[in-house]
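Here subunit A shows up in two complexes: once beside subunit B, once beside subunit C.
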Partner chain A sequence: MSAFFSTDTAAFLAGALGRTLWMTIIGCTLGLLLGAGLALLRRTQLRALAPLRLLALLHVEGFRRVPFLVILMFVLFFVQAVAPDLSLLGIATLAVTLTASAYLAEIVGAGLDAVPRPQVESAQVLGLSWWDRLVRVVLPQAWGVILPPAAAFMVMFVKDTALASQLGVVELAFSAKILVNKGVSPLLGYGAVLLLYAGISWPLGRAARLLEKRLGAHRHR
Partner chain B sequence: MAHIDIVDLVAGYGGSTILNGVSFSAGRGEVVALIGPSGSGKSTVLRVAIGLTPASGGTISIDGTPVDYARPAAVAALRRRMGIVFQQYNLFQNMTVIDNLVLAPVRTLGVPPAQAAARAHDLLARVGLADKAGSYPDQLSGGQQQRVAIARALAMQPDILLLDEVTAALDPERVGEVLETIRALADTGITMLIVSHEMGFVREIASQVVMMDAGRVVETGPPAAMFDAPTQPRTAAFMKAILRH
Partner chain C sequence: MRPLLLLLWLLLAGPVLARDLASIRAAGVLRVGVNPNFPPMSSYGPGGRLQGFDVAVAGELARRLGLGLELVPTEAASRVPFLVSGRIDLSLGALTITPERRALIDFSVPLHSEAMGVITTDRLPVARWQQLNRADITLVNMRGNQSVAVLAEKLPRPQRLLVDGNADTIRAIAQGRADALVENVDFFIGFTRNYPDVRWRVLPDPIFTAWCGIGLPKGQEPLRAAVDAALIAMHRDGTVNRLWQAAYGAAMTVKVQPDQYRRVGASGPAGYRLDWRPVLAQLPYLAGGAAISLLIAVVAFAAGSVLGLAAALARLGGPGWAARTAGAYVAIITNTPALVQIFLLYYALPQAGIRLPGLVAVMLGLSLNAGGYLADILRAGIQSVRASELEAAAVLGLSRADTLRHVMLPHIIRTVYRPLANFFIVLVLGSSMAALFGVEELTGRAINISTANLRTIETFAVTGLLYIGLTLLASGLLALAGRRLLRVRA
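On to the complex of A and B.
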């Protein structure tokens, strides 16, 4: 595969691109869901949930203080002990999910806190359930605050997924190295990968900005 | 029997005690005004009454039955018959005026949406805002938002309404329209606890005035007696200070 311009190379790069996208999009989406759960959990009052609140706190503080590479290794060893059948890509995606959830919990939390407390109390005295308060009053106002930093985080995290190459996941960065090792000129190999990274970040950023605009406009139509 | 009877209420935030045994009551259809200096605990009384702030002692009874605020079901039942309006309106900013009025009746009381909407339009007409149903709160003036907030509370058809300085955040020229709305309400037979610094209004509308200071009730009486011949020096001093401007 020393010739760069071949369908083999294209397929190889497409596979790597797919894995980078998979880790980012699936990992961050699951991370957003988990992070939202953590943020909500941390804002509950129920005494019975106190132990869970502590766990959520440890999770959020812990995963934000450890380098992503260390988290990757940690997840690798943990998963190999309990679920040895999970693929390397699955392991890396899980690591992304765990890490992203810690950061996104903070971002979602800031969005929830941005909704004026008296509005929530008004919803409460009108008898609205916890779920109704969340879905009808809080989230519609929190989204505009959550989305820009959440999208920025995701765009930034595209680059961090390159560390999954340390596990042996053939994602974009690793694929460039493999191509070059096989005799492709570094300029072509790394250049192609560089363009592909830019090609992911740019539309992701744009999509986020569009969504943000639409959510912001929702208030006034 | 009193409609709402507050006996020896003790409450605070965190460690500090704000209410040191507050007692007063309101008969059905009566308008009771809470007055007193800033920080005396007027808002706290209303917050405890509707279950937003826990009490550490005393009881609040509705129609003679003490409310068990520790039981969520009891608080939910209470909130079906008791509404509150705050100084800062607190309308849901993400929805239109009509949606603000329809949400709770539909979700909390299970009123069919069409019926809730019809009732909401009636209420908006009653507070003089029939043409604002489709507006968002931040497109309205403060006085208009406050009237929507009152209509939103009324949409739940409460028989007790708590009003906490509902004109305090308004421009002077907007105060009148909100007072007019409340005046019209007083004639409907709803029981109201009103915290207000509008002494002329209190005098006109209240059948009873409760003077609070430092978490206690200093004096209670009909407005004429309270304003013209207070028995407590603390009340006299407060009246003098507040009526000066």
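On to the complex of A and C.
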């Protein structure tokens, strides 16, 4: 049994924790932007955009129906062909972005649809441009509906990044495996990492629920 | 998916991405892929630096070629894409030379042997490897290793357990999940030191000897010639055997002989050509895996529903201790990854003397996990029944059973049906984690296929489509059942 309680182990776990957070925060933020773009694209009417709408539909439906593990493998090989210098962490972050964008597109879409149609139609009659309708009429109202489930989704994704261990990214789950392979007891190694995950996820989850209550109160329930 | 595949094909079939010798020399750095979890070949040592036989060989090769060295950690599945794309120039890591792999990548002359022998314990009373051919014996193997195929031929009768890491094989024997490992004894014996209480044995005489070379991208003849020349010189002056001795603390069981120094014929054209036939030939095997994936999801959903309902009722109307226990259960489950939960069940429970097979550990882990999430969904459903409706039912004089049946249940079902159906899809996708515990479901079988033939791109494209088909089918059936049987839209 090698020593578990040491500064070496602490530094190792801290680095892994950093990579878990990096994948979640960067990946989900990019995913939210991409997802918002997809949701908006799917709600356009322009005929010329029809092929793009189909692509958006395939993206959203496809990425929500393939396991994250398989998406990780797929992104790995795809990236090898286009950007061979991207790090494994970058590849995993891209996989998070693509997966999250599919789910977040649905969340954003539900928020957009929650804005009463007559409002959009009257804005159109008043001659507001597409952009003005979006920024001045739709988003201010949709925001409160989108943010709570989007935040909850991101908190949930902290845990899904554990699968990036299979790519060779030394994040929390993989760091536990490495420690256990070095002779640390499985209960201690995996138990410690379980606590670390709970330590991130639980407060963030509380914050997300608080956000939901705050914003929910604004939208007279 | 379709346009994506087309794009992939265009990208991969066309350009040659690997670096040739001239551009490597211009950059001044040789990029070598090593497996970071493969002591004593290569692993992270003190200070997080890679060390081992492969690392020393890579350093020596780079020195003799007059180049700097950059080590790139690679997993078994990423070796070929990394080579083809030029992320690495050479791939180390006990890459067995096989005709199937020669179709995809080139090899140097042999670097070392791979003498397959048997590692077992005093629990198994056999003296020679031939005696292992019995159905009551379980052999553990590392997924994707060449030994898997050889075993199926030489020792067809024993059951087999596939695991993902080198250390996992020895742990499986130490924990009693398997009886013996048929593998390169040199590579694996080091892990037995993690289990000093077990009485380890190595059976005499190797079953089979294979040869491992350095992997190179196709069509890089000058690079291959330079690497071969350096490697042959390293064999001649004893450097390879010296580095082996230093890393393993023992001589190579079967040494590379001078008559193996000659080089094999010229390689084919450069680049990667997609070939779907090897994967499509395995479609029935993959479909069988999909059935196991579905089974795992169904079991986890059923058991999770029971657990979730109990937890939801305990939190809503149970006595204080029950509500608190259920609350803690839901908090723990929903705040930690399912993967780590199953790791604990699979690897830590044996410390307490409870040993679960991979499939059982995954089903149990996913059931516990599903219970936590379903508790939240069901609780929200039960809470969706308004007090005013219950009061109205009471005023109308409905019995408790009638209130439940005609007032509460329709409400609850309408609220929870869609989230439940969505969660079932989540479970189908989540069942892919079983692959990491040696279960041969859809993802596990895809990994099996791709590590043997190295056609990872084709294999995972087909697997992705199978998952899409599987979940579309499940969603469709659930929506139909909801409309027809429960009159809810899902």
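Please note the rule applied: the second predicted complex is superposed on the first by the 208 of 221 C-alpha atoms of A that agree within 3 Å, B and C clash if a C-alpha of one lies under 4 Å from a C-alpha of the other, contacts with A are read in each partner's own complex, and residues count from 1 in each chain.
Everything below uses one rule, namely that a contact is a pair of C-beta atoms (placed from the backbone, for glycine too) under 8 Å apart; a residue touches a chain by one contact, two chains touch by 3 or more.
Bear in mind the structure is a predicted one, so any value in this text is a computation, not a measurement.
Asks: For the combined arrangement obtained by superposing on subunit A, do subunit B and subunit C clash, or do they fit?
Replies: fit
Asks: Per the contact definition in the header, classify A:128: touching subunit B only (first), subunit C only (second), both, or neither.
Replies: first
Asks: If you stack the two complexes on chain A, which partner ends up touching A:207: first (subunit B), second (subunit C), both, or neither?
Replies: So A:207 meets neither subunit B nor subunit C here.
Asks: Check whether A:50 is in contact with subunit B, with subunit C, with both or with neither, and answer first, second, both or neither.
Replies: Neither: A:50 stays clear of subunit B and subunit C.
Asks: Between subunit B (first) and subunit C (second), which does A:74 come into contact with in this model arrangement: first, second, both, or neither?
Replies: second
Asks: Which holds for A:186: it touches subunit B only (first), subunit C only (second), both, or neither?
Replies: Only subunit C is touched by A:186; subunit B is not.
Asks: Touch check for A:163: first (subunit B), second (subunit C), both, or neither?
Replies: A:163: touches subunit C, not subunit B.
Asks: Of the partners subunit B and subunit C, which touch A:10 in the superposed model: first, second, both, neither?
Replies: In the superposition, A:10 touches no partner, neither subunit B nor subunit C.
Asks: Return the chain, subunit B or subunit C, that is in touch with more residues of subunit A.
Replies: C
Asks: Taking the superposed arrangement, what is the smallest distance in Å from a C-alpha atom of subunit B to one of subunit C?
Replies: 24
Asks: Between subunit B and subunit C, which residues of subunit A are contacted by each of them?
Replies: On subunit A, no residue contacts both subunit B in one structure and subunit C in the other.
Asks: Please output the residues of subunit B touching subunit A within their complex, sorted ascending.
Replies: Within the complex, subunit B touches subunit A at residues 50-52, 76, 79-80, 83-84, 86, 88, 90-95, 103-104, 107-109, 136, 138, 152-153, 156.
Asks: Enumerate the contact residues on subunit A facing subunit B in the complex.
Replies: Where subunit A meets subunit B, its residues are 116, 118-119, 121-129, 132, 136-137, 140-141, 218-220.
Asks: In the complex of these two chains, what residues of subunit A are touching subunit C?
Replies: Listed in rising order, the residues are 12, 55, 58, 61-62, 64-71, 73-74, 76-78, 80-82, 84-85, 88, 159-160, 162-163, 165-168, 172-173, 176-178, 180-181, 183, 185-187, 190-191, 193-194, 197-198, 201-202, 205.
Asks: Applying the document's contact rule, which stretches of subunit C touch subunit A when the two form their complex?
Replies: 1-4, 8, 11-12, 17, 36-37, 44, 48, 73-75, 77-78, 81-82, 84-87, 165, 167, 194, 331-332, 334-341, 343-344, 347-348, 350-351, 425, 429-430, 432-433, 435-436, 443, 446, 456-457, 460-461, 463-464, 467-468, 471-472
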